[in-house]
Structure formats: structure tokens, C-alpha cells
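Here chain A shows up in two complexes: once beside chain B, once beside chain C.
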Partner chain A sequence: MATHDTVLSKQSLTATANGLSLAMTVPWYRSLWVSSVTSINVHVDGVEVPQDKLSFRLNGQSWPMSEVPNQWETLWFMQDRAYLDMDLGKAGVVGEEREITFHIELRLPYMQIKPGLYLPNIVHQVVKLKVQA
Partner chain B sequence: MSALKQGHLQGTTLYSYTRMFHQRQMTMEELLREVARRGQGPGIEVIGFQSIRNFPNPGDEFIGKFKDLVAELGLIPTSLAVNADLGLRRDRLLTHDEMIDYMAAQIKLASVLGFPVARVQISMTPDVMEALLPTAEKYNVKLGLEVHSHHSPRHEEMQAHLERYEKLNSGYLGFVPDFGATTVGMPPSLLAKYRRSGVPEEMITELLDLWQVHHAEGAPKDGRTQGMRMGQVAGIAAKYGFGETAIDYAINHCGLFGHADPSEWSDILHLVWHTHGKFFGMQDGDEPTTPLVDILKCYADAGYTGSISSEYEGFHWDEISNPFDQVDGHQKRIREIMAGYGYEVRTKA
Partner chain C sequence: MSETLTKAKFKLGVTLYSFASEWAAGEYTLDSMLKRVVDMGLGPGVEIMASQTVRTYPETPDSFINEWKGYVDKYGFTPSMYGTNLDMGRNRAADMTLDEEYEFVLRQIEAGAKMGFPTIKIQSASGELLTKLLPHAERLNVKLGYEIHAPEGPNSEKIMKIRDTYEKLNSPLLGFVPDFSSTMHTMGRSMLQTFRDRGLDEAAIEKALEFWASDMPHPQRIAEFVSYLESRGINPNSLGPFGRMAFNMNGHVAPEEWKDIMHQVVHIHAKFFDMNDDGSVEAIDYEKHTKIFAEGGFDGYISSEWEGHAFADIGQVDPFVVVKQQQDFMKKFM
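Take a look at the complex of A and B:
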């Protein structure tokens, strides 16, 4: 439900030296611990970016996706942006339009449905974004 | 005509304006100033993990600024919403002692910021609530367990809390009713959003029919019924090709628009100091989803003088309406209804 349409904005996609980066707003109405991120999958122009080419960056810290669920002492604040850095093997090109299929699954750490099972929050978006500088 | 008796304290929650804050259009200070300018207080509720950076340890500078600002604007802190993040870690749940510490830090901040109530949620068991009682007493902060759809006062879990609170009779353990537990339909603004996003009319009809079936059966009294209902909604969504987000439909349908009868609130109002006046969108001066006339009758009969936050939730799907206008309309309607019951809503500090 919540604020799904705000996870990515038109300015989210930026060029990096080895690929692209996506700025993300936490898709929930409160700040969540980084450990609440269960998974992120992203396709660029229909091609899936392998998990080992993704990293999650927030306030100067960066983790490979496999380490994200262990970050339970870092809060993703409502008004902060986290970045999904994608290593695509070549520099991103500013001004190009790319089709991004973005899928994020969160588990809400305070909404236990039954022991060990948490309410998920899932956002699935397909958007065309112009690469920003 | 006899003079009106003093009624509840009018207020709002910054949750109503989540969209502006989330999108960095307004800061917390700007939100509070607009609340005061529009006269949507004096009661002000804050979700700790939403509005406050580094919650629950925001630092002395934030604490000082918040207290000064609230005093300057004539606002009255009502409730600080706190969270029990039992599943914080992936490898295990927090232990009982860790959970007590996790909550105590938030309750302490509620006290420091001047909130008389900390709102907690259903993941708290009666045992954890009882274990938190010394903390609540130490900091002089009442704990209010939110009664949010799909729960209702007569759900078996709430009954267990009610029994414990009545037994302890502490004056510190009670409830925060959320009007979304007692609704009469799905909000027109959500159906409009479904249509805008291409949900076929046949699917909307199926969802509405199923909601009515659940409504006729009444609010679920246990977790098994709730799980079964969510599965039914997800099944409809999947059938129409919305499998990726089926859980969303299920959460909206079964988690937000509760089926309990408003009269259930009367069971617990003797243990209520603060209330979430949840609503989903005003239409022609009234709120079509939460039956305010029936709900507020319970409050009038109980002589309730605690606080009510107008809690606008339509922002999740309605990106068109202005949340501040929505709260204006909701509060106006509540004042009218309460006047009809002989109460003047308190709108000044």
C-alpha cells in the first residue's frame, strides 16, 4: 500500500564510472532498519543485473546485497535516500533513457503475523528513466 | 439550549502528512507550523520512527528545539507512536530483555519530549506490557495498545490484553482505538485509484462482493480467519494478473477496513486516553468509510475527555487531495457531531 510510487523518482537514475545508480526512498511510512530489506532485483532494459554486481549505499556506507539483511544497527531514515549501485562494466551515459524494472521486498520488523513470519512490503515498478549526471 | 459540556481534545498526527515529509517537500517544523496555522491542534501526535532522525536518541539539540517549537505554537503533545521491532535481526528474535530495553528507550524519549502517552502495537504480548509497567510508571508515560484493523476490542488477543489491564488496574496500561477497525466499506478514493491504475471493473466488483461477505461474517476473532481472508483476496488479484502485488491487495482489503461494530469501542473506553481518528477521505462533508456518527456516540456516552488525532490515511493511494484540507474537513465534521451529542470539542491549549 504505502507510498509505493515514491520509491523511485524521475531523477533517481544517475551515471557512475562503472554503470548506474538508483536513488531510493524507503517505501514505507516510517524509517526502517537496513536489515528490513529482504531483497532487491533490478533489470535494465530487460536484462537482470546479477546480485553480485549490486551494492546498497546509505550515508557513506556501502554493502554487497548479501550483507544487507545483517545491517540491523543502521536506520534508513524517511527523508534519506539509499542508493543501489549497479556495476554494469562500463560507465553510464548521461541523457540515455533506460527501462528499469525494480522489485524490492521488505519485511516489517514490528509486524509479526506468526512466529518468525513478518508482513512483507513489496514494490514492483517498471519505469523509463533518463540517466542524470 | 443548555451549555455544551467539554469534550475531547482535538488533534492531528503528522502521519496524515506523510507524503509531504516523505518527498522532502516539508520538514517536521514546517508541518507543525502549518498544523498550528490551520488550527488542526492543539493535540499533536508523532510517529517516532517517521519524524525523528536517529530515533530514539535524537540528541539534545532536537529535544530542545521540539519543546520550544511546541510551546511557541501552542500545541499539546498527545501521543508518541513507538514500535516493537521484534524482528530487527535476521538471525533471531529479540529476547524479552532486549525488547524491554528497546521499548524503554522510546518511552523515555516520549517523557522527555512531553508526550503523556506512548502508542504501542499488537506485537506486544500482555506479559511484555506488564513487564513495561515499571518503565511507564518511572517516566510517567501511559502505554496505549493500538486497536487497529483487523483487530477489534473483541478479538481474542485484545481480550487477553483487556483482562490483564483490568486486573493490574495501573492507570498506565490501556488502548488506542483506531477508527479503521470499525468501517462500513472500502473507501471510494481507493476504488478510484484502482480504476486509474487499470484494475478491471470485474475485479473491483469481486473485491467489493468479498468485502461484504467478510463484513457479514464480522471482524475476525483469531489469526486463522484473517489469514484465510487474505488468501481469498490475493487469489482474486492473482486471477486478474496482479500476482506480483497480490499481497498488497490483501493488506489493503483485510488490514485497513475493519468489520467490527462501532459499539465494541464502548467495551474499552474506560482504558482509553488517546484515539486514532483514522479516516480515508472526506466526501461532501462526511467520511463515507468510518461511520463517525455511530463511533462518536460511544465516545459521547463514555464522557471521553482524552485526545483524538485526525489520522488521514488516504494519502497512500490518493496523490491528488491535499492532506491538510482533508484533516480540516474531518475535524469540522467531528465538531458538528459532538455538538449534536452535547459536547464542545476542545480546540485551544
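Take a look at the complex of A and C:
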């Protein structure tokens, strides 16, 4: 995992009151805008988490996934972690191992191919993570 | 008798881009990173990128500018180049207008000048934008540099257009930032290792090198490699972004072409990916590059730019150590 494909670390998965949360590093070598996130799809133990059960949280603000591409004035600074909160309908259990299939697509806002079209960066990771407190 | 070297007028330095993985992981603060740069003697020049270093990007409040000046005083390095970005697509509803582009970049140029950088890297060199920015570069007394990076070279079509624009605007403040990625003599070893890690066999590696070294236009070289992989039943997507990156990050223009723009060089990126065991840099002829810019009389800064972090996991390589090795090697030819 290098600068353009590092998103999750071993400590990324934490328990929440209604599910799990994933801490994410910007998978690029510079800070990007929240709007640079085109989409995120995640499976936990092979089961896809519906989009309306996901929210993207950064520095105390939180958005449903459908709103993420519109946040073009909020910077995802590369030293800050963003969190993908997953509502799984029950509290996460610390210490359990879960298989996370994580797929993120970015639109790089300065790498214009032609007007309105930008170079993507796509990262797909399948990892087994232990739920942290 | 040994060959006499032209004494180089340029100074060395480093771009903090080399330490991107460690920065992202939060292993360093700006203070501790600059301290290590100076402790290891990687200056005197220090280059930063606004979108990497500045939390409030593209704004740069006076508090940050003062913090930066404090580091310059405390550690005694010299600001070399400030990298700006132009995020014309940050709002998905509409690309930036020319006026918005101008304001977005000007803010960063103003900040870079206040922080003491003599040169500002620009991401767009369109004539319309430069016409608006040039009076400010004159007012602030900073040079604007457009990076020439693989797969482009000093004489490629895209760069020739910018050279035409520069000729029309006719200002000594407009220039280029050569990046050694344009002028490599082979694909980097770490790139090829990544191919192997993703399952390519030696026959496919040889083919990649063959297409890379051919004279075909850049997109065709990628297309030929893709069709070769398909003919072997290998899914090109199995390489992830690396298939494209191999050709985009490793250029094969002749280093001598840098002479064609020598009078417009305002800063240099001494790109490298890996060191050889004998202390030389792999895949790029550093002796030739160093001599070309020494003989050309370039008197600005050469920033070491280690880009191995595109391939290596964090912790595999200490980027500060390899930058030191790379600079020691360059000094032999200065």
C-alpha cells in the first residue's frame, strides 16, 4: 500500500453504538476535497452495507453518501482521517474480526482530461480487521 | 587526464513531497519534518506543496505564514519553490471559470511570495490565465514555473504550445521545472517489481520494457501493452493503476533535450525511485543530468524528489536516508 492506494490501516475499524466505523486516509499524495469522493462501497463479511446506512464524517461534520460529492468547499486534509460510519442495526463488538471489502472511487479535481471529465483514482481493498474500542 | 567538470552554480534541496507517506500517516509535524531535513543536511533548499502542507489550502492565513517564517529562522533553510494546484473540477456542478481559476491560483502565489519562495509552481500555463497572473508575478517578484514531467518532454506537443505562449508573453518570470522522470533510460525497478507482485511473468516484463522504449506515441505504447496482455489472457485491470502509471511516470526523452529550454529553467525536480547498492541512482543517468544543468549555467535549486512512495509500503524505505544518498551521488558531478 503506497500513497495512492492507502486508505485503511490495521486500526481503522472501530465499534459504534449502532455498528462499525472505518477510519480512512486520503488515498492520494495530497489533500483533496470531500467532493473528490465519487463513491464508496463496502461489504462487511460479504454483505453489502446499503448506501443509506453509510455516512461520511470529517472533523465533526457528517454527510449521507448522496451529499458527499456536493461538498466542494470542505477540504479532506491529508493528515486528517475521515470516517465511514456504518449503521448495521446493532452495536459493534470490540475484538471481533470482520472481513471488509472496501471500494472507493475518486475524481482528481486538478487532473482534467477534458472539460467536466477528470482522472479517477480507484482503490479496492479486501482486509480482515479486528474491531477496536 | 580526467575530464574537467563545469562547476555547478545550482544549489541542492528537497521537496517535502518525498515524505508524503510519513506525512499522511502523521509521523511528523511540519516542525519535526523540517528539523529532520536540516539535521540530515538535505538543504539548503526546501520545497513544499500547498495542497499537502497547508491545512487551510488554498487559503494561507498569516498565522501559517508566520509559523513558516519561524521555521526558516530557527532551522536556517531556504524556501525554494512553492507548489500550487488548480482544482478546476472541485465543484462537480461546474468547472471553474477563468476568473475563478485566477483567484484560486493568485491566492496561493501571494502566500508563496509572502513565505519567501522565489519560485511558484503553476499547474496551468494557459495564455489567458498567465496574462492575468503575470502582473502579479512582477509585483511580487516571483518566477512561475510549469513542470515538465513524464510522459512529456521539452519538445513534446503539449510543451511546445506552452513555449509558444511564453514567447508571446515574453517575460523572464515565466519558466519551466524539468522533472527527471521525463528523461529516464529504463523503467524504474520498483515499478517492474510491482508488476511482478501483481503476477506478471518475465516475458510480460520484457514486453513492457520493449513497448516503453519504442518510438510509438505515448497512448499507443499503453494500448500496445494492453493488447499484448489481453493476447496472453492477462486482464490489464489486474495491474490496477500501475499499467497506466508505468508509462506516465517513466518518460524516455533524451536528457540532452533539456538544453533546448535551459534559459527558461527556474527550478528542477531531481526525481528518483530507487538507489543501487553502489550508491548510484537507478533508471536515471544522474551524471549526465547533473552535467547538463551545470554546463547550462542553471543557478537555481534542484529539489530531490523521491517518488518511491508510489510503490513502497510505509516503513520499507526511510525516504530521508535515500534522499541523502541521492544528493551525495549528485555532488560527485557538481
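Keep this in mind: the second predicted complex is superposed on the first by the 129 of 133 C-alpha atoms of A that agree within 3 Å, B and C clash if a C-alpha of one lies under 4 Å from a C-alpha of the other, contacts with A are read in each partner's own complex, and residues count from 1 in each chain.
Keep in mind that, in the parts below, a contact is a pair of C-beta atoms (placed from the backbone, for glycine too) under 8 Å apart; a residue touches a chain by one contact, two chains touch by 3 or more.
Nothing here was measured: the structure is a model prediction, and the numbers come from that model.
After superposition on chain A, the partners chain B and chain C collide with one another. In the superposition on chain A, A:Thr25 makes contact with both chain B and chain C. In the superposition on chain A, contact of A:Leu88 is made with neither chain B nor chain C. In the superposed model, A:Ala15 lies in contact with neither chain B nor chain C.
Contacts of A:Gln112 after superposition on the shared chain: both chain B and chain C are touched. In the superposition on chain A, no contact is made by A:Val127 with either chain B or chain C.
Residues common to the contacts of chain A with chain B and with chain C across the two structures: 1-6, 25, 29-31, 33, 35, 69-70, 72, 75, 77-79, 107-110, 112, 115-116, 118, 122, 124.
On the side of chain A, the complex with chain C involves touching residues 1-6, 25-26, 29-31, 33, 35-36, 69-70, 72, 75, 77-79, 107-110, 112, 115-116, 118, 121-122, 124. Contacts from chain A toward chain B in the complex involve residues 1-6, 25, 29-33, 35, 69-70, 72, 75, 77-79, 103, 107-116, 118-120, 122, 124. On the chain C side of its complex with chain A, the touching residues are 17, 20-21, 23-26, 49, 51-52, 55-57, 85-93, 95, 123, 240-241, 309-314. Those residues of chain B lying in contact with chain A across their complex are 15, 18-19, 21-24, 47, 49-51, 53-55, 83-90, 93, 121, 123, 223, 227, 244-245, 247-248, 251-252, 256, 315-317, 319.
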